[in-house]
Every structure is written in structure tokens, then in C-alpha cells.
Amino acid sequence: MTATALDAPVAVPVKSPSHWANVVRRFRRDPIAVTCLVLLLLIIAAAIFAPWIAPYDPYKTSMIRRLQVIGAPHYLLGTDELGRDMLSRLIYGGRLSLFMGLGPVAIALVVGGCLGVAAGFLGGWVNTAIMRTVDVFYAFPSVLLAIAISGALGAGLLNSIVSLTIVFVPPITRVAESVTTGVRSLDFVDAARATGADTFSIIRVHVLGNVLGPVFVYASSLISVSIILSSGLSFLGLGVKPPEPEWGLMLNTLRQAIWINPIVSILPGVAIFATSICCNLVSDGLRAAMDMRR
Amino acid sequence: MLTYLLRRILYAVPIALGVSLVVFSLVHLAPGDPLSAVVPADAPAEVVEKLRHDYGFDRPLPVQFFLWARHAVVGDLGRSVATGEDVATQVLAAVDNTITLAIPAAILGFTSGIILGGIAGYRQGRWLDRVATGIATIGISVPHYWLGMVLVIVFSVELNALPAMGMGEGGSTAWAWDWAHMQHLILPMVTLAFIPMGIVTRTVRATIAETLGQDFVEALRAKGLGDARILGHVAKNVAPTVLAVLGLQLGYLLGGSILIETVFGWPGSGFLLNTAILTRDIPVLQGTILVLGMFFVALNVLVDLAQTLVDPRIRRG
Amino acid sequence: MSALPDTRDRGGPNQPLLIVTSLRKYFPIRGGLLNRQVASVQAVDDVSFSVRKGETLGIVGESGCGKSTTARLLMRLIEPDVGQVVFDGEAVGAQDGISVRDLRRSMQMVFQDSYASLNPRLPIESSISFGQRFQGIGKVEAAARSRDLLARVGLEPNRFAQRYPHELSGGQRQRVNIARALALDPRLLILDEAVSALDKSVEAQVLNLLADLKAAFDLTYIFISHDLNVVRYISDRVMVMYLGKVVEIGPVDQVYANPRHPYTSALLSAMPSMDPDHRTEQPPLTGDPPNPINPPSGCRFRTRCAFAEDVCAVAPALTALDPADEHAVSCHRETAGSGHSGAPAS
């Protein structure tokens, strides 16, 4: 063969950035997404380091100092209906609220991901069994399902997490199945099968890498829903119980106070709103960073 | 076409069965004695046993399911443990109130969503798009029960313009479309409309953006069609996806209004559900979730059919 | 290279490398109220042929004639309904024959879509090494072999090994696919429209590469294409398929110069001519290709055949034109004693 430029030897091996490296690079160019990610990390950090940051004990009540306004001396964000410092409660509240928000999505990602990939790759009766079961759960609007399961299991942190996980597994399974079916039909999967590799290795090496991205992005869009739903459950009295600081529960107990100190009573909701919006914008940024790939 | 219709309805039956199974197991999985809501702790044993027998709680679970399902099919959902009223009547009355709230909210949410999404889709990248998308993002990020509280604070507490709670005079049974009643509707309706607005806006924007980027639109422009005429073509392409989302959102509004109803004291199905959970009123709980679930299943079938009518590519059978 | 005896050769030089007998695959179509099977796509029906060691068999036909399905059946990517495949004297899947797993060491395929054939997330070298790991080759050795193969197909390893598929051109990707197929040291390579999607100049380069590799590695090729010119250039024998059936098979020059089946003649005369004195004035074939879901009974070509007669309602068998000849046709008009008015006297 005639020597062409392609044949010319190169001294050092050429290495290209991987897919994820490209995604990170594109994400970094999006100012809104990066800002929200930073904010989110700050919120998470505040929750983790609560004992060192919060000015007061979040459980300490004081009947004299109930419902102080914002900017009151010693109480930057006022106090709640039992005299507890709002700022401390909000910071500590982040722990439970974030845990109840992120936990179910993380678990559902693993469970739903496995189910969806199995259904998509194996097809046949496995697919039918899994997807039709998923369809039954789709018959319920998520809020209704969450409340029904929580109502059945009873209030409590663990029950809420179980309830929300069950709510999120079906949509993640659906997305995972759909993406896997698409990847499965591509020639390179057939080429891999033609080499005699076993199913598990084919999934691990060829399918997962192409499926995880879209599924992960979808799951990230569910985080804000999870935070709102979990706080909503607490709002209804189905989540954590008093006196735990949790944003949704705080909204519930402060409801009567809207006539007396409206600004303070809506503060927990501001926290939920802020976290939720940051999650959504980061998720959007992630999707955009992955989209232009192909 | 007809076969597809029949097949779709037929397909809904096992789903409905699955739904009722889930509902039943949910409630009976729960720890605690179903009778504890009604019977004081110190009641004599015979009374408790008699009540248990009357309500059928002493039969084995599969038998209970079968009996309950058999009655449910003909519309008999039992009697409330807490109040003794007929569950079916209670639930239907509550659902009626929810519909009174949900439909106007749906109309508001969908219309604003389509308009905002359309603006955003046609003005991609410009500031109108950013504003519309921003509003949509707020819509899906805001905890709606909190938003309700905020609106109540603004309009009831501070401005004293609108009532904070309830459905108006006459309670849950005397709805009328007059100002005395409708003023109660405004705040919950606007609050409830936010989430569908957000989701519809995003969906419409994404679908329009995708459609406008397709070759056939270029071809239409090359033929000399103006924006208005192209809009018709775009609308037809966008319709199936948007319809599906609208259907889902309507279901969400009907089934997921519980939080708003709690905030505003609106005596709808969500409110009923809440009460039933608190009082552990099993028959009401089962009945409400079942009715709402069935509604959603029926809605899904309708959405599927509507999609088939609108999108010729999906036409099957 | 081909002077040394091939240690993988088990059947000897006279044993055909591949003998395919009565291969059939129908794909079910479901519909109706209960999703029952209402019809089937008769993609491949009673296909039989053999491939000699060291030759290139071309397979031609219109889209939908079953060429690609046949390829996938041979590779066992799809399971045949009926039929037997014998590789170098050993039946595939039989107790005392060759297992599908071992078959995969000996037979590999290059697909048409060069982009979809490569995992976009893996660097080129990993794609080539993947299959090797499953045949017991260690990581380091597999990587070395992959780089070696890249050099063989004309891609400098240092420049390309760690690149991703989207960074390569179509021709380069197809070279990678060829390298990947060769990684398992196969004896038979199926090329399913492997050059169809490439620009003409690139196509020529890849065809030359294939010819070089065939000599260097002592390979046998099955070359599937709808491009008659390319098939003529590269094949020793050619097989013509129509609606899932084999209609003609024989040495390529003979078939092209003297096509016996009406479909083959039509196909060949449909090729646009470069000679202005011999323009193609009229389309040789009328009508649309019939549906493989409801193919005509008997001879599947009879609805479009100018020579169709009543006897064609019975399906013709693939018969040799004369005993010594490799040239066989599936047509009553060419078969002695068939009852067709144009048939030769027996």
C-alpha cells in the first residue's frame, strides 16, 4: 500500500479526551449551571457542618421569644412558634430534607436502572413482566402514590424514603429500558455478541457506558421533585415527626403563624424552593452538556 | 383502528386489576388494627369482635380482597369506619369538588403553558425565551403548598382581598358559580396551575424547537409560506406529545391536589384522603385511592386514543 | 504466507469451508386483538449454497431480498427456523460438530454502518481488544495485537489507538471494523455492505485493503452488496437472491456475461451504461417488488417475469445448468423437462 499521511509514525501516542471529560468541560462553560452547582454544594456543606455553623441548638425552645421577626437582636432570621431560632433550624433542617430528597432518588436510580437495563437488553418475557408491573404503578399520579404508601406504612423518616423510592423506580425503569432498547439495536452490540462474549460483559462494557448518561440526567431531574414531595409528606404529617427540624414539617407547624409573623413562617419554603431550583438548573445544564454530543 | 381501540381498552383491564390489588395491599399492609380508629381501647371484647365481623376484617385477606372488589365493581365501596356514611357517596362528592378546582386550574395552567412554550420555542435564545423558560423553571421548582401559603399571606393576610380557606358558604355541597363562591376558588386555582404550567411550557418549547429544526420546515419556508401558515404545520407535529403531557398533568391535578386542598381547606378528594389517613378509616382510604386510580387509568386510555387520532404514524391495528 | 499449511484447516483443501443447507427464517408479525401472529415476513426461505476455501462469494440482490438476514443467520446473531450450517466439515451446534462459541473464533462480520458498529464510548483499541479477551487472550497481548492490526489496516497505532470513533472518517472507521473482525483470527469474513456507505475513492482503497488482507491472512470472504460492479471486481463466484430465495449462483464472469435467470438479466441490464451508444432505454423490470410478507406462491419472481407460464406456479429448485458446471439456476425455463415452453430438451 502506498504510504499516506495516515501511515506516518507518530512518536507519542495521541490521546483524546473521553466522553465524560467533554461533558464536564461543556458544563463548566455554562455560568448558570455552575453557579447553581456551587450554591447546591454550599447548601449541602452547611447541612453537613451544621453543628459548627448554627448559632443555636435547634431544639431549644423559649416561650418568651416566640415568633420574633427577622433581624431581631440575636435571632438573625427570627424564631418559630416555640421560640426556636429559625436560622439554626433551617441549617439543621437541611440535613433531613436533603437526605429525604436525595436518598430515594439514589436508591431508585440503582434499582430502576438494573430493572430497566435488564428489561431492555433481555427482552422477551423478562421485559413484559417488568414493564407491565411498572405500568400498574404508573396508573397513580406520583403524589397520590407517595401519600398512599406513606399513609399505609405510617409516618417516619424511613417509611418516607421507602415510599418515595417506590414512586421513583417506575419512571427510571422506563427511561432505562427505553435507552437500553435503543442501544441494543445498534450494530456494535451485535458485533460484541459475535465475538462470543457473555451477556453480562456485553452489558458492562458496551451497554452501561451508553445508557448511564441519559438515565443519570433523568434521575437528576427527579431530585427537586423528591425534595418537594418529601417535604410535602412532612407537611402533611406523614414524614418526620416533631420536634425534628425538617423544612416541610416546619412549614406545617408555622402555618398558624402566618397571621402573626408571615415572613418567618414562609422561610422554610424559601429553603425548599432555592434548593429545588438549583437542582433543576444543574440538571438542565447537565442535559445540555450531554446533548450536543450527538 | 377499531381493533386498536378495543385492544387498548382491553389492555386497561389487567392494569385496573393491578391497581386495585395495589390499593388493597397498601392499606392492609399497614401496621395497626383497622378498627382502632373507631373503637376505644377499653371496649369490651365482644363488641370489638362483633364490629370486626361486621366489617369483615376477620376474614382471610384474599377473601377480603375478593369481596371488596366484587362490591366495588357495582359501586358499593362499603361504609366509613369513622362516620358510618356510605363511602361511595362521600368519595364521589369529594371528587366532584376536586374537579371543580382541578378543571379551571388545568385550563389556566395549560393555556399559559402553551402560550409561554410557544413564545419560548419561536424566540429561542432571545430574552423572551429566557423569561418564559425562567417562569417555567420556577413553576416546576416551587413547592406548591408553600406557594399557596405565600399567596394566602399576600392576598388574605396583608391585602384582605380574598378568603384564605374553604369552599364558600354552604360548605362542600353548595357550590355555585357566583362571586361569593368563586372568590374562594381563585387562590387555590392559581396555585394549582403553576406546576402544569411549568411542565407544559418546557414540553411545548422543546417540541417546537425540535420541529422547527427539521428539514420540512425549511422546505415550507422555501415554498414561500409565512410564519402563520407554518404554525399550523408545526402545531400538528407538536400536538401528539403535548396532548400526552396534558393528559398526564390533568391526571396529576385530579389525583395530586391533596397538598393544595390541605392548605386551603378545600373539601375535595385529597382532603378526604388526608382525613382518612389520619383517622385510619380503611374503607374510605381504599375507596378514594381506587376511584382516583381508576380515573387515571381511564385518562391514560383516552390520551392514548387521542394521540392515535392526531398522530398518523402511531395508528395501529 | 499462504504457502504454509493453515493449522486451523481441518477438512482439507477440497472440503468447502461453509456448506449451508435449506436455511429458513420467517419473522412473525403480530396484530389483532390478542397480539397473535397474523402473518410472517418470509425473509429467508430454503437458501442453500457452499463456499470454497480461499474464494470470495458475492451475494447480490435488491433491498429486502434477505442478504443481510442470511449473514446474520450464518453468524448466529439470529437463530434460523430450519436449516443446517456445516463449517469445515463440522455441523454447527451439533453434538459432535462445532459449537457456536468456537464458530465465532472462525467466522466474523463487518457491518455496513461504520459508525454504529463501534461503541462511541470506547477508544478504538479497546473496541478491537474486547473480543480477544473472551477468547482467552490476556490484556497486554490483546492490546499489542490490536495495535498490530491497526497498522495492518493502514492506521498508524500511535495516532489512532486511543482515539474515539467520532474522530475518524467513515473509511477509517471501516478499517477499524475490519481490524476488529480480524482480531479473533477468523477464517471466514462476512462483509455485509461493508463499503456501500463510503465515498467512491475511499471504497476503492478499502477494497484493495481487503484484497491484500485476504492474501496475507489466507481468508475466505462472503461479500454482500447491492452494487453489481463492486461484486464483479472482488468476487470469484456470485449468488443472486430475490425475496429470500436463491435464484442464480455461479462463477462471476459467467453469470455476468451469460445470466440465465430472468431476474439476473434484468438486474444486470438495469446497470446504467457508460457507453452512449448503449443507453438503457427502458426499465427491464416492471412493477414493484412484491411484499415478503405475502410472496407469490411458486416461483416468487413470476409476477414480474416476462417468461412466466402456468408451470411457474410450482416453485422451481436450484438446479445445475450442466453437471460439471458451478453455474446453477432456479428457473423452470432453464431446467430440462420442467414443462416450460422455453426449457431445453432433457
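All chains are identified by letter, namely A, B and C, in their written order; residue positions are counted from 1 within each chain.
Throughout what follows, contacts are C-beta pairs under 8 Å (C-beta built on N, C-alpha and C of every residue); 3 or more make two chains touch, one makes a residue touch a chain.
All values derive from a computational prediction rather than experimental measurement.
Visitor: Can you tell me which chain lies farthest from chain A, using the average of the Cα atoms as each chain's centre?
Guide: Looking at centroid distances, C is the chain farthest away.
Visitor: From the Cα centroids, identify the chain that ends up most central relative to all protein Cα atoms.
Guide: Here the chain at the core of the arrangement is A.
Visitor: Can you check how far apart chain A and chain C are, centre to centre, with Cα atoms defining each centre and the answer in Å?
Guide: Result: the chain centres lie 50 Å from each other.
Visitor: I'd like to verify one number: the distance from the centre of chain A to the centre of chain B, where each centre is the average of its C-alpha atoms, in whole angstrom.
Guide: Between these chains, centre-to-centre, one finds 23 Å.
Visitor: Can you work out the whole-Å distance between the CA centroids of chain B and chain C?
Guide: 56
Visitor: Write out the stretch or stretches of chain B touching chain A in their complex.
Guide: Chain B reaches chain A through residues 14-16, 18-19, 22-23, 26-27, 29-32, 137-138, 140-147, 149-150, 152-153, 157-158, 251-252, 254-256, 258-259, 262-263, 273-274, 276-278, 285, 289, 292-293, 296-297, 300.
Visitor: Once bound in the complex, which stretches of chain C touch chain A?
Guide: Residues in contact with chain A: 72, 75, 77, 100-101, 104-105, 108-109, 111-113, 116-123, 127, 130-131, 133-135, 154-164, 166-167, 172, 177, 180, 184, 208-209, 212.
Visitor: Touching residues of chain A toward chain C in the complex: what are they?
Guide: Chain A residues touching chain C: 1, 4, 6-16, 18-19, 186-188, 190-198, 201, 205-206, 209-210, 294.
Visitor: Which residues, counting only chain A, touch chain B once they are in their complex?
Guide: The contact residues of chain A facing chain B are 132-133, 135-144, 147-149, 151-154, 224, 228, 231-232, 235-238, 248, 251, 255, 258-259, 262, 265-266, 268-269, 272-273, 276-277, 279-281, 284.
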